[in-house]
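Note that subunit A is present in both complexes that follow, paired respectively with subunit B and with subunit C.
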Partner chain A sequence: MKKLIQKLTDTYSPSGYEEAIRDVILAEIKELAEDIRVDALGNIIAKKGKHGKRVMVAAHMDEIGLIATHIDESGFVYFTSVGGSNPRYLPGGHVRFVNGVLGVIGSERISKANVVQPIDKLFVDVGATSAAECPVQVGDMAAFVHPNVQMGGRLVAKSLDDRIGVAVAIETMRRLKSGPNEVFFVFSVQEELGTRGAIVSAYGIDPEIGIGLDVSHTGDTPNSIRRELALGAGPAIMVKDSRMLYDPKVVAWMEGTAKKAKIPVQREVLVGGSTDARAIQVTRLGVPTGGLAIPCRYIHSPSEMIDYEDVENAVKLLTALLSAPIEL
Partner chain B sequence: MPDIFPFLKSLVSVSGLSGYETPVTELIEARWRPLVDEISLSRLGSVHGIKKGAGAKKRPSILLAAHMDAIGMMVTQIDDGFLRITSIGGLDARVLPSQPVLVHATGSGGPQDLPAVILLPPAKLLPSGEADGIVAISDLLVDVGLLPSKVASLVRIGDLISFGTEAVEISGESLIGHSLDNRASVAAVTLCLQELSSRTHSWDIWAVATVREEIDMSGAGTSTFQLLPDLTIAIDVTFGKGPGANDWRTFALGKGITLGFGPNNHPFLHNRFKEIAEELEIPYATEIMPTSSGTDGMIMQTTAEGVPNIVLGIPLRYMHSPVEMVMLNDIQRVGRLLAEFVIGLDIDFMNTITWDE
Partner chain C sequence: MAASLPTIGKAQIKLLEKLCNASAVSGDEGAVRKIVINEVEPYADELKVDAMGNVLVKKKGLGAKRLRVMLDAHMDEVGFMLVSDEGEGLFGFQPVGGIDSRVCIGKFVQVGNNHTPGVIGVKPIHLTSADERKRNPSFDSLRIDLGPNGNANLGDWVTFATEFRQVGPSLFAKAIDDRIGVATLIQLVKHAPENIDLLAAFTVQEEIGLRGAKPAAYAFNPDLGIAIESTPAYDFPKHDGSESSYYNTKLGHGPAIYVYNSSAIDARILVEYLKETAINEGIPYQIRQPGGGGTDAGAIQRTRAGVPVISISVPGRYPHTPIGLCRVEDWKNTLKLIYVALKNMKPNLLREN
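Let's turn to the complex of A and B:
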């Protein structure tokens, strides 16, 4: 799975420009599902199984990024954020535009040392010497550049939010025998712009049960915000986030399955953030929906960190959940 | 009108927080079952009761929505025997310190309710500056009065916490308690159903107790999508007049109900309700809702192809606190007005709705 994760995090696909990652995923899953299609917004919908409950499993394939807003006369590219790029993490970073151009992020003179430089005082330097020579146009999008670095049992890379969820879904498709449920694996677009891909794919699929796969913030770093979630203690079963309450019946089903299969899990109450799961839950007549999250440090920075054990346990749990008939 | 207070008191004596409405769902189902033709739950848990009309098949239908969920708290962390919390819905942090609460524990001891109290940590433990102002919910603690090891085994992350204040009835006229937002409206819909049991009406009437209004109104949205009514009415509480709350957004308790006016309310429905209220001599005030009504009506109006909607309000003091207050006569007025409105709906009412007023 490490190779797969590397392939996924080495691909640049900010929200709305998911073509590159879509091609990588389609190549990976072409033998793993009975029916694969791409919908009007670009979501991949891969179906496995013909009978039983209609289950939608969603992992978003887009990543946060930047978009060029204007090029100054010296060829510096000013930008704004696409999704939740945080100005604190930006200066000094490397980016890659969708057209392949590389750049580094610089900052205008800082007037107050203790204030984070706002995003409109930052720019990308692509090595151009004039506007005419600049290989970037207004509207071009970029994503972070960061090597995929292994540190013992842990991995640091950009876009682990949510390529790690994508990896869990693909690996589960590999291990899951065509079973007693009709499972729709969705690799969704534009999650970072308001779960826009999940909204339409859930409407199209009309599932009976939903599962969102994403990352969640840990509280295991020095003087961090107060939270229980820790790397390496198991994937998180979502109970609440800032926009939704996960369905108690689905939470109980996930916990019961984990207990039976002796898979370590953590319960998660996320304050600040939400995921594709919320879009699935409110679709049509309503869909009982749960969430499985990989604990992750430094979310929305270029250096997101996860633990491989959590990933492996998430695949085991998801496979166990989907392998048996579901009665909530 | 029959006395609705005992039922309403039972509704505000259980938890039923958003997403976890089952305790209150069971009470509502039991009370509504004899009053409707069929009753069922939506996929998200809203109660759907239908009272079928006397008109020919393919009758139009109206959806009366009162949300049954309540605001509350959830455990985010267990810190040396004390619980850290976050809010479910919009809690007023100013009123939380010293409140009695119930922790609905689901740990090793199995499901059980632990009485507890919200405590205000000493100033030196609070972030700088906060000790002088309102303390954020994330900095408050809950004390269940047990040894840390016992707390750690009994309580889990994600366990619910609801207000532990008991409902108080005053002279048979007023009620004080938590969750009167919006169980007072559930009581009003119940009165409407009781009235309908001895009257005929052409339309199908869906009485719906919705889930999750305090989070995202997803109960009302999904029920409207499922039942596809021709009209919707959101019944909810509105801001009561009181000390320091006297402007145009507030309404006196016991002096009448409110009829919503503004983009979330169809003007034709507003006028129809006004006519009926005047005919029956039910006192009312027009509640101006310039943008959002902040009720289930917001989402019902824009579901599927769109539905004409109106919001009816019951004045309530101290909203989103554990001591919300309503008056019985306002609840009765809403129940009666709802009943007379739906009874008066002709089979071709939809053809008479116009925008030109």
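Let's turn to the complex of A and C:
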């Protein structure tokens, strides 16, 4: 699975430009589902199983990035954020535009060195010396560049939010026998801009149960706010986030299944943030929805960190959940 | 009535004048709805006003495979509502939609269906401290003053009392956002190309959260959606002569094609298609700077199982103030670009990727 994760995080696909990651995923799953389609907004919907409950499992394939707003006469590229790119993390970083052009994010030297520069004071330097020579156009998007670095049992990469959820979904598809449920694996678009892909794919699927796969913040760093979630202590079963209450019946089903299979899990109450699960929950007449999250440090920075054990346990739990008939 | 090339001439400018001078704040779109229905009814295959007040018009095309194209322009404008009656014709009020309190002070307004005249009053400068003058006045500190015989009720809608004017190549009016879109869409209904099903939505309540476009798109269930809008131009030269990197759009540079805003990422296949069409036809265009703001396209995109969308705007200075300004030439080019793009639209457009 490490190879798969590397392949996924080495792909550049900011929200709205999911073609590259979609192609990678489609190639991975083509033998793993009975029916695969791409909907009007670009979501991949892959179905496995014909009978039982209609379950939608969603992991988003987009990543945060930035978009060019102006090329000045010297060829510098001004930009704004796509999704929650934080100006703290930007200066000095490398980015790659979707047309392959590489750039470095610059900022001016300022008298107050401890002040975070607002995003409109930053620019991307692509090595051009004039607007005419600049290989970037207004409207072009870019994503962060960061190598995939192994650190013992942990991994640091860009876009683990949510390529790690994508990896969990793909690996589960691989291990899951065509079972007693009709499972729709959705690799969704534009989650970072407001779960837009999940809103429409859930409408199209009309599921009876929803599961969101995403990352969640840990509370295990030196000056973190007091929170339970820690790397390596198991995947997180979502109980609440800032926009939804996860369905208690689904939470109980997940916890019961984990206990029976002796898979370590943690409970998560996410402060600030939400996921595709929320979009599924309020679709049509409402859908009982849960969430499974991989604990992750430094979310929305170019260097997100996860623990492989958590990933493995998430796959085990998701496979167990989907392999048996579901009664909530 | 066969399709013919739509244009912007005296009659269209006259119609825009009527539309801009009409009062139609979000939730009170009746005056504009009446004008719209009057204009398009003779041309419509189907026309209905839905539960929220959207005007939904179908123009069926000919031929076997036709794309169902939803075109959207919102009828409402930003304005105010009376919220407290303090006697003697003085009323407290609040904005409906996004308005900067600084642009309101000392302006003539018209209140309610009778267009009762009034003025937005504020504490005189003689009595204001230096500190107070540093801050934006809150709406709570302003009043609409109708005089003691002013006839109005709580809940009445209020608009700026601006009269439309044409000056050389420019149009000055309130509510160019989005009456210019409404006027454009009326022209497109009258000259609907026959290769598509044209689904025209004249929507309500865009300015308070894209509320009308949602049920309109749900009802039409289109293959793709195009929002016709007016977007801000902030193309002032900088005082120090340096290059401006933040202007959104510029007057005189043609229709503004959207790629990304807070409400939607525009479908790239449609962005490319509009750009190609503009280049092939020799129509000037500009890319609206990616950033904040929203259009009905956002609501259309996330309807049912998803709809590819794009927005296209006539650039306009000073939107959401008593007087906006735009250029006739930009309007002409916007209409032309949309019309030609529709006329050349192949049924397989969305499958080209």
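As a working rule, the second predicted complex is superposed on the first by the 326 of 328 C-alpha atoms of A that agree within 3 Å, B and C clash if a C-alpha of one lies under 4 Å from a C-alpha of the other, contacts with A are read in each partner's own complex, and residues count from 1 in each chain.
Methods note: a residue touches a chain if its C-beta (ideal position, glycine included) is under 8 Å from a C-beta of that chain, and two chains touch if they have at least 3 such contacts.
Everything numeric here is computed off the predicted structure, so don't read it as measured data.
Under the clash rule set out above, the superposition-derived model of subunit A with subunit B and subunit C shows the two partners fitting side by side. In the superposition on chain A, no contact is made by A:A58 with either subunit B or subunit C. With both structures placed on the common chain, the touch criterion links A:L245 to subunit B but leaves subunit C unconnected. Residue contacts after overlaying the shared chain place A:R227 against subunit B, while subunit C stays out of touching range. Once the two complexes are laid over each other on the shared chain, residue contacts for A:V271 go to subunit B alone; subunit C is not touched.
Of the two partner chains placed by the overlay, only subunit B lies in contact with A:L285; subunit C stays clear of it. Taking every C-alpha of subunit B against every C-alpha of subunit C after the fit on chain A, the minimum distance is 5 Å.
For subunit C in complex with subunit A, the touching residues are 243, 245-246, 259-260, 264-265, 268, 271, 287, 289-291, 301-308, 350, 353. By the touch criterion given at the top, residues 18-20, 42-44, 74-79, 84, 86, 88, 138, 156-158, 212, 215-216, 218-219, 221-222, 225-226 of subunit B touch subunit A in their complex. Subunit A meets subunit B in the complex at residues 208, 219, 226-228, 239-240, 243-248, 251, 266-269, 271, 278, 281-282, 284-288.
Across the complex, subunit C is touched by residues 15-17, 19, 39-41, 43, 67-70, 72-73, 78, 80, 82, 120, 137-139, 141, 190, 193, 196-197, 199-201, 203-204 of subunit A.
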